[in-house]
């Protein structure tokens, strides 16, 4: 259950309806997902998150599938159940094969393991990791 | 500072030295990073983590650069400073351009934002997200 | 399902019953929530957590509604489903309007986004942020 | 040290300079903080994050100080060092007294404690927490 | 529901079946848990995780019950529902009494509280905490 | 640097001084750690956290060393640098050998790995994990 009612298009404000319509047109889907129906109580956030997401997830230096897989990695680390499902579905639609999903999860699991080891051991950063133009002082 | 002394090759056990040597040969580097020097107190974990990492990060269904970027995504979400530096450096060596890094971080930031919104709102999973062969019951 | 049976008042120890009674009297409610029924297996923790919570959530330099909203912010960040629900309900009882809840979640989402960007980029602290009486050295 | 060089205004692109100028004008400050100098490598994200932040942190149903305190709560939970400093500084500028800061942290600490207990015990949501218009089914 | 179908032994590959059989023999159980059935889509990860777990959870400098309790502590902090249940069950089988479980959770809750306070306050490390052979510089 | 000045005994209020004195007497140490000096701005929280900690960390169903190791596990998972150092030091004083520390970290790393895999895969809880007296319904 959600902490707010999910708003279908008919129950949403005109501002929210406009965002719903853009989501449906952009994604070529008949309805928006529950996330947007929950955000519809706040048309300003609905619009800001959708427009940010549309900008970010478009093809660019990274392809959309890579971006969806990064989304899965973050969602697994945050323990977000809805996000684990929704981005696995989106990645499959973008061409993620079962083999790619398996490798993705293997990396995510390993990264959480080594992150925990590093955080426990408080390993100091190797100077060789510094990017050109940065310094250890700042 | 680390919570344990970093062990250089000379101070490490033969079992740890063997892992150090494999890391240096596999990566073609003159020395291992601080992470491995901190793990060297526990040769069994040093060996297990290294062999797992070597297996996982090899090219497969995903290329090594994609894997390094996933590692950055997890490390940012976990707030692991060393990991943010070490995997940014590794990704750069694997060909990550500044434009790719920028897009990666944009996705990571957005994913953490929407994860938090979903976790706050406890949005129920859309049935359409279910993978073929799974069911809502289990 | 919980990892322990929820203890109703009749099944609880006298020490736990005394805490239950104080919760009901303080909050003017007919029964305690599931959280307390799960903690009742450990009367010392039940008592310590309740007394701490009662002390902390009382009006002081911050009003109770602000405190409940802070609780929601932490719960969303930790992905605690029960907590997201229970503190949304408590905040509503303390006067949180839908507009306030929407703004709260917008801030929580944005904070998780910028936290992730900062953790990825490992931005050094600006000297201007230092509080009077602190120094960069310690 | 950051994972990218911090860009001062002179080194930034015209698009980033325009955002810097808006930040300085909006906040009436002589220079932007390190966070913006690190984001300046990606003018699109710089602009999107700044404009989102400006929209969200403006007075509305919640006052700016409450919003800064929520930001501190999230930052503490995520372990973001820079964010803990920058938002403590911002909250002080917005009128947060030492007493308010102390109470805020007391709530943040308690919330992280009870979140962990709930997540360990997997306490089921009380039906009474459901918001009007939601149901246990969805 | 899982994001992949759970694979029973008959549906799993020979490589996965071999791991299933080793789990059943090692633990003397008639079937493997859902975690392994979900991992079975990726026999390499299934094998690597199981062999790592078998090595780590065997008696050594720490007894198996202590290890299961550490697992509960991490799982509660990460908000992993399945893990909170599975490791509570495993710890009970290894001899964890209700009193031990209660004390464990009390420590986990307190640790999350003080972690959050420290992360908010950004307390500098006391020099006395340094392990022999480490230094504040690295 | 901390977000507040660290208060030495002379600068602290009488209420905070009383807590400092109890810490020093209980632990038989000449001075309190930085954590307490940072909390001293809020004597109520200082007292509540210290008294809770004193109660929880005393020998009981679990010995003090086991409790310190659980504290390390939580601190590593939360990425709390100060806590990773302070509880490693405390555990060493309570008798943690290098071998025990190594095994502890191996478990913490593995737990974070499997937590992430489970959270990504959203594995449903096995009915066999249910504790006696609980049910799948609540």
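Letters A, B, C, D, E and F mark the chains as written, and numbering starts fresh at 1 in each.
By our rule, a contact is a pair of C-beta atoms (placed from the backbone, for glycine too) under 8 Å apart; a residue touches a chain by one contact, two chains touch by 3 or more.
Small disclaimer: the values here were computed from a predicted structure and weren't measured.
Counting hops only between chains that touch, subunit A reaches subunit F in a minimum of 1. With contact taken as defined at the outset, subunit A and subunit D are each touched by B, C, E, F. Subunit C and subunit F touch with mostly matching residues; of the residue numbers seen at this interface, over half occur in both copies. Averaged C-alpha coordinates put the centre of subunit B at 32 Å from the centre of subunit C. Annotation: 18 Å between the Cα-based centres of subunit E and subunit F. In subunit C, the positions touching at least two other chains are 1-4, 6, 44-45, 48-49, 52, 74-75, 77-81, 84-85, 88, 102-103, 105-106, 108-117, 119-122, 124-125, 130-131, 138. Against subunit A, in their complex, subunit B makes its touches with residues 1-4, 6, 33-35, 38-39, 45, 49, 52-53, 56-57, 60-62, 66-67, 69-71, 73-75, 77-83, 85-86, 88-89, 92, 97, 99-100, 102-104, 106-108, 110-126, 128-131. Partner subunit F is touched in their complex by these residues of subunit B: 1, 3-4, 41-42, 44-45, 48-49, 74, 78-80, 138. Residue ranges on subunit B touching subunit E, taken from their complex, read 1-6, 44, 48, 52, 55, 125, 130-138. On the side of subunit C, the complex with subunit A involves touching residues 79, 84-85, 88, 98, 101-103, 105-106, 109, 116, 124. On subunit B, the positions that touch subunit C within their shared complex are 72, 75-81, 84-85, 105, 108-117, 119-122.
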